[in-house]
Amino acid sequence: MSIFEELESEVRSYSRGWPVVFDRAQGSWLHDEGGKPYLDFFAGAGALNYGHNNPKLKAALIDYIQRDGVTHALDMFTVAKRDFLETFKEKILGPRELDYKVVFPGPGGANAVEAALKLARKVTGKESVINFTNAFHGMTLGALSVTGNSMKRGGAGVPLVHATPMPYDRYFDGAMPDFMYFEKLLEDSGSGLNEPAAVIVEGVQGEGGINAARLDWLRGLSDLCERHGILLILDDVQMGCGRTGAFFSFEDAGIKPDMVCLSKSISGYGIPMALTLIKPELDVWEPGEHNGTFRGISPAFVTATESLRTYWSDDELEKSTKAKGERIAAAFKDIVEAHPDANLFAKGRGLARGIEFADGDLAGAVCKAAFERGLLMETSGPNGEVMKLLPPLTLTDDELTQGLSIIDESITTVLSK
Amino acid sequence: MSIFEELESEVRSYSRGWPVVFDRAQGSWLHDEGGKPYLDFFAGAGALNYGHNNPKLKAALIDYIQRDGVTHALDMFTVAKRDFLETFKEKILGPRELDYKVVFPGPGGANAVEAALKLARKVTGKESVINFTNAFHGMTLGALSVTGNSMKRGGAGVPLVHATPMPYDRYFDGAMPDFMYFEKLLEDSGSGLNEPAAVIVEGVQGEGGINAARLDWLRGLSDLCERHGILLILDDVQMGCGRTGAFFSFEDAGIKPDMVCLSKSISGYGIPMALTLIKPELDVWEPGEHNGTFRGISPAFVTATESLRTYWSDDELEKSTKAKGERIAAAFKDIVEAHPDANLFAKGRGLARGIEFADGDLAGAVCKAAFERGLLMETSGPNGEVMKLLPPLTLTDDELTQGLSIIDESITTVLSK
Amino acid sequence: MSIFEELESEVRSYSRGWPVVFDRAQGSWLHDEGGKPYLDFFAGAGALNYGHNNPKLKAALIDYIQRDGVTHALDMFTVAKRDFLETFKEKILGPRELDYKVVFPGPGGANAVEAALKLARKVTGKESVINFTNAFHGMTLGALSVTGNSMKRGGAGVPLVHATPMPYDRYFDGAMPDFMYFEKLLEDSGSGLNEPAAVIVEGVQGEGGINAARLDWLRGLSDLCERHGILLILDDVQMGCGRTGAFFSFEDAGIKPDMVCLSKSISGYGIPMALTLIKPELDVWEPGEHNGTFRGISPAFVTATESLRTYWSDDELEKSTKAKGERIAAAFKDIVEAHPDANLFAKGRGLARGIEFADGDLAGAVCKAAFERGLLMETSGPNGEVMKLLPPLTLTDDELTQGLSIIDESITTVLSK
Amino acid sequence: MSIFEELESEVRSYSRGWPVVFDRAQGSWLHDEGGKPYLDFFAGAGALNYGHNNPKLKAALIDYIQRDGVTHALDMFTVAKRDFLETFKEKILGPRELDYKVVFPGPGGANAVEAALKLARKVTGKESVINFTNAFHGMTLGALSVTGNSMKRGGAGVPLVHATPMPYDRYFDGAMPDFMYFEKLLEDSGSGLNEPAAVIVEGVQGEGGINAARLDWLRGLSDLCERHGILLILDDVQMGCGRTGAFFSFEDAGIKPDMVCLSKSISGYGIPMALTLIKPELDVWEPGEHNGTFRGISPAFVTATESLRTYWSDDELEKSTKAKGERIAAAFKDIVEAHPDANLFAKGRGLARGIEFADGDLAGAVCKAAFERGLLMETSGPNGEVMKLLPPLTLTDDELTQGLSIIDESITTVLSK
C-alpha cells in the first residue's frame, strides 16, 4: 500500500475507512485484490445505480469501443450523442411532459451546478443565490459557495459570499412554518436579503444526512419561486436517475424546476458525464460562453443510452426501488424500536436511506463494524452522525436481506459496547 | 440533425463550424456517419495526444473492462490506481527528479485548477492570485476568475475578483522588460496590489493564441515567485503530456513549479481524468476537504498507465514531436513569406503551432476552407485571429504533409479572395 | 429656490418634503427665511438631542472660537480632546462601569461603523458579519453592506456580500422563538452560514421603522454572542446620547457590548463627530491603520464636553426623556384607539416614537399635513409606513403638547379623507 | 498626558511624533498648552489651506453662530447652503466653465469618494474601478479598496477586490510609455481585466509621496477615458482648493473630469465638509439613494463661502501659491545639491512639496529634528521616505524663510550623523 501513502495526497478519504485495495467489481459487489467480496451499499456515492459493470451496459460499451466509435468529441455532433438525446427525449422527457433543453456542462456534477448558477445569473442579472442548510452541490468555487459543510467551505480560501442559506424542510422540526422566514425576507424591502437570482435545492439531501424533503415542501418551494420570479434549480446529481424511485426525485411532487442538474448515474456505468437541463426560454447562452474539454464522452453516451433503454422503458425499476425502499424502512423501524435508549432516527426516501445516531462516533463505528463484516457503507450529515445507504437499485432481494442483516448486527454490536 | 437543434443548448460551439455527425475515429482521423474521413489537427483540443482510439490503449482498456475491473471507485485504493501511481512515478516523476504528491481533484482540467487555487490559498492564508493576459484555465467559478477571455468571464454573472492579470511573455513585444511591472508592484508596499498567494501560468497559451513563453521568461517567473514567496502553479492541462515535446511544457526551462495541473491527454484515450501535482510540503489538506465523485475512474487509470509505458519509456516521442514541430515551423515560415502583404505571424512550440492573421474573419475562413478539404482545425486568440494546430503527436509524416498541404492551399485561397 | 434645482444633485431628499429655505434655529424651532417657525420633531434625525443652538453649548463654542482654540487637529493631543476624554470618562463611562477605549474614527456615524467592522474582522480573522432585518448603519460601502434597505443597497453598484441578515426582535410577531434560527445556524456545522466575526445591532431601529427591541431580546443577543465567541457591536449612533432615556440605548438591558458606535448627538451641537468605543482587549490596531482628516474637530469636543457636563451630571434629563416618552405613548394609544379601522400601531421607546400606518402613502400624507401645520416629522420603515418622532430631548411640555395636537389633527384629517 | 494613553485607542498616530498637547492656533502657528509656538507646515494634512482660525472666516463664523443661524440641517434648503452654492458657481464653476452638479455626500473626503464610486457603478452598470499605485482615497471600505497602502488595506479584514492598480505617472521613470499597459489591457478582450466603470486619480499624490503627475499625463489619462467610455474621477480632496496654485489641481491640464471629489480645505476653517461634483448627465440618483446625517453643516457652508469670496475672487492667491512653490523648489534644489551622496530627490507642485530620502528612517529623523526646532512636518510615501510640506497657502514669506531654514538645518544635522 506504500505507493498510495507515498504519492497520494492526504486529501484522500474513503480509503481511510476501507483500507484494502479493490480490483474487480460486478453488480452489488466489489472484490479486493485478494478476492474478498464486499457488498456495496455505497455504490459510488450514487454513481452506480445500475450496479458495477452492469452486463447490458458493458456489452454496449465494449461493442462501441471495439468498432472504434469516436471516444472524445468535445461538443461536436456524434452518432452516440444523437442516440442519447433521442433516447433521453423518448424515455425521460417526453413521458414526463418535461420541456427542457440539454446543456453538456462538463464531466461532473459540479460542472452541472456551475453551469446552472452561471445561466441563472445571466438570465436574471442578479448575483445572489439561495441555498439550504446542509446542502451539498460540489467542490468548485461556484458550487462550493452553495454547499453547507463548514470544513469543505473553509477549503475555499476566499470568502464564499454570493449565497444565503435558508432552512431545509423540517430544519426546525415543525417549530416554524415552512418558508415563513424566507418569504418574509423576500417581501420586506428592508430585510437586507439580496434579491436572489435562483434557489438551488436537492430533492433529498444525501451528504447533508439523508434529509428527504416532503413533497408538499417541494411544491411550496416551487410555488414560492414562481410567485417571486426566482429560478428554481433542482440538483438531482445524487438523487436523480431513479434513486428515490422515479427518474427524477421531484417527479412525485409534480413540480417542474427551471433547471435540473444530473450527473453520477446518468452514464450508468460510472463514466464521468453530466447534464444541465434548462427550460427553453432560459437558453440565452452565447455559443461557447460555457465550454470544456470533456462534454462529449461518447462511451458515456453509449452506456447512458443503454441504461435508459434497459431501465426506463417501463416502470419496473421505479416500482422495485420503492418496494425495496419500503423494506429498508420497515427494517430500520425495527432497529430503531429495538434500541429505544439510543435515540435512533430512520430517514430517507426510495433507496436513499439512513439511520441517525446520537453522534458521529457511533455512526462511524457502525460503518466500521459493517466493513469488517463485508459491507460498504458511509456516514453523512454535518457531524457524520447518519449511517447512509445508497445501494445499487439493481440489488437483489437476497443481497438486501444480507446487507440489512449485517447492518442490524453491526448496530447491535456497537450499541451494546 | 434536428434532435441536436431541438434539444441541445445554444451554448454548443464546435458543431457550428463542423456541421456533420461524426461516428468513428482512428489515429489522426475522424469519420462522419457517411464515412467521410477528416484529418484531425485539433485532437480533442489537446486531449488526444496519442490519437483517436490508440490501439495499444484500446487493447488495455477492453481487457480491463472485459475482466470486470472496478470502473468507478471514488478515491478508494484500487489496483488500477496503484499501477498508475507506480508508473507515473517510474516514467515521469523519477527521471525528471520531480518530487510531487498527487491530488485526484475531479475529472476535468478545471478541477485540477480549482484544487490548486484552493490549496494555494489555504497554505498561504492569502486570497489573491496573479494570472496572465489571455490565460485560459477553465469555466468553473474559481478557474474562470483566472481566465482572460471577456466573453467567457461575462458568463460568470458575478464579479470575478480575486485575480489580477499580468502581461504574458512578449505581451508588449519587448517594449517593456520582463516582469518589470509585476516586480515593482510586489516591492512597492503602496502599490495597491493585494499580496498574491500564487501565480498561475501556462507554458504555452493555447486558447490565448498559441503564445509560447520563452524558456528564459519561465525561468524568470519561477525566480520571481521564489524571491517573493509566491507559489507557482503551472497549468499544463493542454500543453502537458508531451504537446511541446517533453512530457511537461516547463521541463526545458529547468524549473520546478510548486503545483502542476494535468488533464486532457493524461488518460491518453480521451476519458476524463485530471491530476494536481503538489510539492509534498504543501500537502496540508484535511481528509475529504476537497472531494468529488469522479476522482477514481479506473479505465482512465488503465489507459493512462498504458500511455506512459508506451510513449514515455524512452525519448522517441519527445524527439519526434520536436522534429514534427520544426517541420511545421519551416512550412509556416514559407507560408508567411509567400504572403508578405498579409502580415502573417507564425507561433508556437512543439506540436502546438499557429499562424496569426490580421483578424478573426480571415483565420475563421481558413479553418472553414480546410474543413471543406477534410482537415479539422480551430481558431484561438482573443479575437479568434490565430489558426491553431494541435495534431495528435502520433500523426505520421505523411499525414503531416497532407495536412500542411491543405493548410497552404486553404490560406492561399482565402488570401487571394 | 432655483440655485438648488440648478446645482444640487437629485439625490437630495428632505428638501422635497419641506420645500422652504430655513435660516435660523433655536431649541425646538426652525425658522424659514420669511421668519415662519416650525416645531422640529425630527431634530437632525437624532443629531440635535439638546435642541438647535443650545445656549450653554453655544456659549462654550463661541468662547472657544473667540480665543483661537485650535479648530482642526487631526489626531494630535489637544486640550479640547483631553477635556472631552476626561469628561466622557467621568460622566459616562465611570458611572456605568463601562471599560472602553475610544477610537476617533472620522466625522460621521458611518465612520464609527466602518471602524468597528474593520476591527472586528482584524481581531477575529473572520470576514462575515450578522446584521438584522431593517437595520440602518450608513452609506459607505462597509456600513451599507450591513444596512437593510434595498433601494439604498442597490446604490452600491457592487454586490454587498459579507453580511447575513437575521430577524430583529418581533420580526415574526412571536411566531418564532428569539434567536432559534440564528443559534441553529451557528451550531450546525453544515448550515452554510459563514462563521461571523461580529453581530451589529441597533437598540432601537430608527430608520427601520422605530422598532424597539425588548430588553430581554438584547440580553439574549448578548448572551448568544458570548456563548459563540462573536463580537457584539451596538450601533448607538441614532439611539445613543439619551434618545431612549439612558445615555446608551442598551443600558437598561444591563449588557456591555464589545463595541459601541456613537455619532449624531455626541457633539451636542450638530457638528460632525463620531466615536467607536472598544473593549481594551480589542485595541489591536497598528498606529495609523485607520485614520482620516476629521478625527479631531475641537469645536465638537468643546460642545460635546459641555453637553455631558450639562445634561449627564445627574439623571434629570434621563427621567424627563422617559416621562415625555410616556406622554407620547399615552397620546399615541388614544390616537390608535380613536381610529380602530385604520390598524394603527404605536411603537418606540423613550423619545424615539412612531405610529405605523397601513402604508407609506398614509404616513407620508400625515407628515405633509403636519408640515402644513408647522411641524417637522419624517417617515421611516421599509415602505415609509411609520410616522417617526425624534424631538429634541430638551423640548418643553408645552411644545410637546403643541406637537401632539398637530399630530392628532393631521392624522384625523388624513384618515377621514 | 495620561488620559490619552488610558482612553485613546492605539490607532492614534500624529500624537506619537508630536508628543505635546496643543491648545491654540492662528495662521501658520500652533501653540502647545505651555504656549510654545510651532510653525505648521502640515496644515491639517491639507485641510487648512487658509491657515488656522483665519480671521475673516472666523468673523463670519462667529457672526453666524451668534445670530442662531441653523447649524445642522441635513439636506434641507438653507440660506447658508444657497449662499454657498451661488458663490461656488460664481467664483469657481462659472469662471472655469465647469458644468457640474453638486452632491453633498457626507462630512469627509471618504464620503466624497464613496459617493463617486457608487454613482459611477450605477451609471455604467460595471463594478470594477481602476486606481493608481500609491493612491490614497480614504479609509471606508469603498475608498479603501482604491487606496494603495498595504498596511491600511490590511485593516479592511475583507478582501479588497473591485479595483486594479495601474502605474501612476513616472512609476517606471520613463522605462515604459504612458498608459501603454493600461490601454493594451483595455483593447485586448482576452486580457482578463474587468471592464472598468471608472478611473480614480489624484492630480498630485500626497500620501503616496508627493508624486505630481505631469499635466501631459493627466491629459493623456483624460483622453484614454474618453476613448474607452470610462468615467474619470478626480480626487481633489487634498490637492484641491488651491494647493497646487489653481483652485483645482487639474485646471492647468485643461481637462474636465466626469466627477471631482472635494473636502479638507473646502470649508476653509477645518470644519468637516465634502462635495462630489458630477457632470449633469450623471445625476441619475434616486432621492435619498445616498444620504447621511452631516451633509448640511451650515457653519461649514458659511466659512466655505467666505473663503471663496476672500481668496477666489481674483488670482492673487493662485499666483502667490505658485511663487512660494517655486521658492521651495529652488531651496530644495540647493539642499539636494548640497548633499550629493544622499540621493535626495525633490518633488511636488505648488505648495505640495517633498524631498525623498533613501529610506523612511532618514525622513522620519528629519521630521523629528524639525519638530525639535519648532516646525511641524510629516512623512509620506509607501515607506515614509518622503518629507512632506503642506504649509498654509497663506503663510508669509518670512514664515516660509523660517521654515526652510529649519528644514535645511534639520536635514544637514540628520545626514551628517
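Which chain is which? They are A, B, C and D, in the order written, and residues in each are numbered from 1.
FYI, a contact is a pair of C-beta atoms (placed from the backbone, for glycine too) under 8 Å apart; a residue touches a chain by one contact, two chains touch by 3 or more.
Just so we're clear, the structure is a prediction, and the values are computed from it rather than from any experiment.
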Taking contacts as defined above, which has more of them, B-C or A-C? A-C
Chain of greatest Cα-centre distance to subunit A: D
Separation of the C-alpha centres, subunit C versus subunit D, in whole Å, is 30
Quick one: report the Å distance separating subunit B from subunit C, using the average Cα coordinate of each chain. 58
Could you tell me the distance, in whole angstrom, between the mean C-alpha positions of subunit A and subunit C? 49
Hunt down the residues of subunit B that sit against at least two other chains at once, touch-wise. 127, 151, 158-159, 162
Contact residues on subunit D for subunit B in the complex? 127-128, 131-135, 146-151, 153, 159-165, 167, 171-172, 175-177, 180-181, 184-185, 188-195, 208-209, 381-383
Write out the stretch or stretches of subunit A touching subunit B in their complex. 1, 3-4, 6-16, 18-26, 30, 33, 44-48, 52-53, 58, 61-62, 65-79, 81-82, 85-86, 88-89, 101-104, 106-111, 114, 117-122, 127, 138-143, 145, 151-152, 154-159, 162, 197, 237, 263-264, 269-272, 278, 283-294, 297, 299
Interfacial residue positions of subunit C with respect to subunit B in the complex: 158-159
